[in-house]
Amino acid sequence: MTVNEEQTTTGIALEDLLREVEALHAGGYRLVQIGCTDLDGSYELNYSFDKGYQFRNLRLTVGPETEVPSISGIYWGAFVYENEMHDSFGIPVKGINIDFKGTFIRTDEKYPFSVTRRGGDRCQNA
Amino acid sequence: MPERIIVPFGPQHPVLPEPIHLDLVLEDEKVVEAIPSIGYIHRGLERLVQKREYTEYVYVAERICGICSFIHALCYSQGVEHIMKVEVPDRARYLRTIWSECSRIHSHLLWLGLFADGMGFENLFMRSWQLRESVLDVLEDTTGGRVIQGTCKVGGVRRDIGQEKLDEMHRTLDPFEQQCRDLGDVFLNDDTVKYRLKGLGVITKDEAYDLGAAGPTARGSGVAMDHRETGYAAYGDLGFKPVVETTGDCYARCAVRVKEVYASIDLIRRAIEEMPEGPIDVKVKGTPDGEYFSRAEQPRGEVIHYLKGDGSKHLARARIRTPTLANIPPLVKMLPGIQLADVPVVVLSIDPCIGCMER
Amino acid sequence: MQTLLFLILFPILVACLLLFVKRTTVRYAVVALSALAIGGGSIYLLVRYALEGAVYFAAPSEAASLVMVAIEMGLALFIVYMGAKFRNYLAIALAAIQAALVVYLEGTFSGSLHAVNNLFIDQLSIIMALIIGIIGSLIAVYAVRYMETYHHHHPEVRDRQKMFFFVIFVFLAAMFGLVFSNNLMWLFFFWEITTISSFLLIGYSETEEATRNAFRALVMNLLGGVAFVVAIIILVATEATSGGIDLAQVLASGDTAIVLIPAVLIGFAGITKAALMPFSSWLLGAMVAPTPVSALLHSSTMVKAGVYILVRFSPVFAGTFAGFSIGLVGAVTFVVASAIAISQSNAKLVLAYSTIANLGLIAACAGVGTYMLVWAAILLIIFHAVAKALLFLGTGAIEHRIGSRDIEDMEGLIVRMPRMAVMMFIGIAGMFLAPFGMLISKWAAIEAFVQVPFGLVFIAILAYGSAVTVFFWAKWMGKLVAVTRHQEKVEKGFFEEPWAPLYIITGLVIAAVLLFPVISSILIEPYVLAIYGVTALMAQANVAIMLLMMTLLLILPVSFLLFRRSAKSLPAYMGGRTATPDLHFAGSLGLTREAQTRNYYLTEYFGEAKLFLPGAVVCTVLILASWVLAGVAL
Amino acid sequence: MGIFQMTKTVLRNLAGGPATRRYPAVPARTSSLTRGHIVFDPATCRSCSLCVKRCPCEAIRLDKEAKVWEIDRMRCIACGDCVEGCPFGSLTMEQSYHPPVTEHVVERYTITYVKPERPAKKPAEESTKEEGVGESA
Amino acid sequence: MTWTWLIGAVLFLVLAPVIGGLVAGIDRKITARMQGRVGPPLLQPFYDVGKLFEKESVVVTTAQNFYVLAYLIFIALSGALFFAGGDLLLIIFAFTLAHVFLVLGAYAVHSPYSHIGAERELIQLMAYEPMIILAAVGLYMVTNSFYVADIAVSTIPAILYLPGVFLGFVTILTIKLRKSPFDISTSHHAHQEIVKGITTEFSGSTLAQVEIAHWYENVFLLGFVFLFFSWNPVIGVIAVVVTYLAEIFVDNVTARVRWQAALKSGWFAAVLGIVNLAVLAYILGYMMTGGV
Amino acid sequence: MAFLKRSPWILHYDASSCNGCDIEVLACLTPLYDVERFGMINTGNPKHADILLITGGINTQNREVVENIYEQMPEPKVVIAVGICAATGGIFRECYNIVGGIDKVIPVDVYVPGCAARPEQIIDGVVTALSILEKKRAAMAGTAQTREEEQHTEQAGEST
């Protein structure tokens, strides 16, 4: 592989999130994505940024019901990821600029990736 | 006061081949508010990683979207390869590049056709799709599938292209490029097309960057950002310069794609010329353990496969961020103030691939 | 002559009587009975004089003239008083100037202020009398119940109904006087009465806006009045060649160059009264008045006095550049007002703009003044009066039921008020669709303009104007016929306007089309023949085709019977979104939205702000040009 | 001259005649690699069930007891993984695709492979034996 | 009065759907060829209409059928009047009436897409109305008659006097034939932002009626084109064919424009007509004074 | 009187497909396949359509959309499920948001296999659908006729 990009991942605390994001915004980074991973009993949130193919990732681990502040005040376009986060993981996100209120990705079962659900997939065709 | 026209636009709508819904609020025909609503084709295939072996998941990955299919598979494979530290043979890297560029051309021609259709230019639609068929023929001859190739796998590719076929492809590239240039001329120079596109749905460079726009949407606004520059597959060997336009309107986004078609043809030509000999795959052993944000440049922009393995045959998590999702915020910004007639044009100008976006 | 005097004096009597009637039912009876009498009188006039051509009467002159001057002075004082009360000094100044001019006239030329015949009647007068007598009195009947409801809806407005009906009937008398006068001094007197009536009725609700608009109307009309007096002074001063104040003699005067200047001045008075540009704003402001007032004064009759006088003088205008210029004022007004009407959603304003536009068209015909155009102009007067009266009254009735005069709120009226909607439909059709009146007249006008030198200018304007007209009428019509679901019927209400006037006028709109060959041959053609020696005729075949179209239109609704069976009813296409029958659908962000349809107003292109000023400037220049051209002709 | 930019293409199309492949009259264009549909040869299948394991979408089912091999055409993505994986060449990829059907039925084959009666020495037999063991287990 | 006019009218009523359908078929065939396709069979428009009559009748409101029927009848009537040699202006007004009925039908169904289609149709109506009136006036100025019967037998080559008017008329013909770039209110193929616009809610036999009305209309309009060349019937027929081919060509080489451009084009076409007529009036005036 | 067979107008809806089948449906319209040869038109409007081509499986969001579109199509109509996702859910069958094939919501008349279905396959599918369409039409005409006859006999009964 000749991919010449470096990826850094920094773990941060929930209360530092907005400050860190603000700093990256000021540093000319663009928002690449916000992703979420369901671990056992908690979620790992990845806020990914990029500047000139330098990939930086802020990592946050939160509990099931923890409210996460929206970064859509800093990155206007963050609402898509935050709505997605809410709709598939059930993470409450506070203050999204365009809040779809659970209708961004409407699924048969609410919050399919929620760690508190864990009843296995209720798929009709499995 | 009943001052405004409110129209549900989609999900079933003839100009949108895929379902997306907009609540359009109009004054006469001017859009004053347009809120998109998606989720009509959400399948939930990210979860399938837990049910499919990591090698089998390639088939799912390439069915995330039938247009960018090959590059999804490529991005996924590269991610797994990176986690598992698998070195792909050179020939496979070149073959991957050729197929990537073929699918980029086919995607762009497809998009140009749909775009022409969105402007009510039926003949141009027909012509674009007619040209696209010759790319599909090449894909079918070399991979066996028209839109879903199924040749990429973890550790390399499943099929080789024989020298004879490579020569034939090389021969047909010149006439094909000429045809594409004739087509591109219409998009770039026709008066009615220019009338429809110039100054429409403008996104400035700063806005585009700040909103996280990806691919031609960003490049049309002057953001020189193209993941092929990072040199995955064979791009590092072949060298590559992103196509950039600066006006940020629909015309610029269209021009970027037209010119990318030419650039892709050139890349294929050089890839064929410099094709190394050797095996096309390596045996992959073991299971992935680790995580990686795999990134690749799709026709629509940068795609990200975040893969996390826990050492079992199944990945623990795959998170796919597709370019269309990144381009939704710019789209929301573009819509207000345009005419109803331009709504399909503007929506199409980000080349929405809802199939990708909804996963 | 008795009929003439009856028509002038009887309404005054009724007016005085109404000053003492308080109860609505009694008032209704009085108004209905007198309407019958007035209508009957005007029909008698038709039967009696239609075939006789112009008939002149030497009505008592001395006493009447004195009374008139006295009343005129009184009115001037009244205006000064009102002007002082509301601090409108322009009105005071104009009234003073006008009074001074009248005094000057009486003092200097008292010897010449005689007409041999003070009253006369000819076919044009009969047509006007019929409009005043039938449409006018029907509107009066309608107004009784309307005003009762009006006060119910507007408790804040002081109830001055006695005054209201007094003025209405005095106005009717004045209109009759106006169209029967052969003495220009008389004509001027009645002219001023209508101005004052309009002033009083616009200001009826006594709100600040109403008062302001009333004064605007007054000031603009006084401007015309001043021009009128000046014209009379010139005529009297040049009596030897011009014919003095005897209308018939003036028109017959051999020295058209001399007559042209007063004619242009009187034409200017007509332009102000007909609210052509740049004076259109007073008519728009007048829409604050109760709807019957708008119907009576500001579309069917009073503003018609403006174009009536233009038509009267069109033989003088014919072939002169001054007349051409006045015609152009009309034509420009037609196209600009029609275009602005596109941007309006207030029904009464649309009607007002359309009225201005049509008056402009009539003025265009009258100003150019060839025999075919005069024929077309008179047709336009008739059809416009009938259809517009219906539309105004209909709008009034609808406003009382649905509480809005916005066209958007009239959506689905065909479901909510089927009878009213059909009547409005016919009224609107009368304004712009093929076999109906206005369109026939436009067609006649086009055919006529083709034969005029430089008529191409008018044709071009007419072509654009009628295209624009189609747009704003058709979209209104569309709103009416939209079949919305789940709308309660509101046709019946606590307060019932009498439907009879509406039915009758609707009947008249249709009858006017069916009978228009008769009207033309009995009234218009003889008039034109008498004045020009030639007359316009509609080709037989075309008349037949129009009747065929009308018949088709009347028969077509029968086809509804065909469609009742077997059709499956499905909701409208909503892009795959399931929607309730009243078009609510689940929109983005989890909101339920209602799909809404709204007409296009194209304000960016046809807005008042965009078009009024250029139109007014062009028209002002054209009016000044008409004066200059008249002067040059001398 | 930007008004009729498309003229060139239009004229070329008019002169060149239609590009249409008249499909039902002319057979569909395929290449040697075209993945049409899977053909199963019941005579050679030895019920190893490798195809079942490899199929990414569970289109193939095998009942070893009843010797029944099933394929659901409405699940098959024609990836060809099973063909590549089949050690006995019982599966082949045909270039022609499967025709549309009006009813959704699972195709069912009874495996007719009979273990050849041969001396038990060759490795091939070993494997079949193993399979046989697997079957019984 | 002779009976010849009746023959013209009856022939139109009977033959126009046949000719109109064939023209539509040829149109589709040529369009397909221009796009490098084979295209539908020649008789495809008839199959389509036949099919539509076989379909179930589905309505949003029964009133819509009434308006569409009225549209069909008045389109047929105006065409019949034309071929009966009637007064051009009256024919144009009947034609407008017919379209207003179509618009009302779309309003009646009260569906957002139909509504927008109806508004756009009205804008189109507003766009082409001035030019079509001017075309009639132009023919009058040349032949001294508004009657089609007189114009058709006139020996004056109208086109030589009215090139600007003809050009303007061809422009609005594009609007009338619902061809790109002006197919804004509804189009032959549905890939449009307002779905099928004005005809969105019409289906089955109602849609078939709209289609037949369109055939009538096309024949009528082509007849109008013929009037410019009627001094020589052979040239006239050729001109009609060439004009129609040009329309197909333009349809195939342009994108659809916004309504603003449609309105501006229509009105600009009328300006073209006016300029032509003004020059013509000047020449006529000059000739007259010269003659005297 | 089998005009229906000569003029099938199709409506295409993407239920939850990956686009692969969609673009192949669209490819059918383009010069190389040109289904207009058979009188097919891709109309975007359910009220004009005879054949509903659906790609992709059903999920909660689009279930009512599919039902709505189907309901808005006038009889006679047929439904073609294009691609394996539309038939059974295909490779996404086991995703949490996929309910299954189209036939879970509306009756499907023809299944076109393939992932992605090829244009030729789609053409074949439509041809298969045409005969079904024709049957439905005949049945519809038949019932209409019998209904009319019934009315006639009723009226006759009343008059006698």
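As written, the chain order gives the labels A, B, C, D, E and F, with residue 1 at the start of each chain.
Assume a contact is a pair of C-beta atoms (placed from the backbone, for glycine too) under 8 Å apart; a residue touches a chain by one contact, two chains touch by 3 or more.
Only a predicted model underlies this, so the values are computations on that prediction, with no experimental measurement involved.
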Count of contact steps on the shortest path from chain B to chain C: 1
Both-way neighbours, i.e. chains that touch chain F and touch chain E: B, C, D
Per Cα centroids, the chain farthest from chain C: D
Central subunit by CA centre of mass proxy: E
Which two chains share the largest set of C-beta contact pairs: C-E
Chain A and chain B, separation of their C-alpha mean positions in angstrom: 24
Averaged-CA centre spacing for the pair chain C and chain A, given as whole angstrom: 69
CA centroid of chain B to CA centroid of chain E, Å: 43
Between chain A and chain F, centroid-to-centroid distance (C-alpha), Å: 41
Multi-chain contact sites of chain D, meaning residues that touch two or more partners: 3, 5-6, 10, 18-20, 22, 56-57, 77-78
Chain A, residues touching no fewer than two other chains: 98, 100, 103, 106-107, 112, 121
Per-residue multi-chain contacts in chain E, two or more chains: 32, 34-39, 56-58, 112-113, 115-116, 189-192, 195, 200-201, 252-254, 260
Pairs of chains, among all present, that meet the touch criterion: A-B, A-C, A-F, B-C, B-D, B-E, B-F, C-E, C-F, D-E, D-F, E-F
Touch list for chain B against partner chain C, complex: 1-13, 19, 21-23, 28-29, 35-37
In the complex, chain A residues that touch chain C: 98-103
Chain B-touching residues of chain D, taken from the complex the two chains share: 2-3, 5-6, 8-10, 19, 29-31, 33-35, 56-57, 77-81, 93
Footprint of chain B on chain C - complex, ascending: 406, 408-409, 411, 574-577, 579, 585, 587-589, 591, 593-598, 600-604
Of chain D, residues touching chain E in the complex: 3-7, 10, 13-14, 16-20, 22
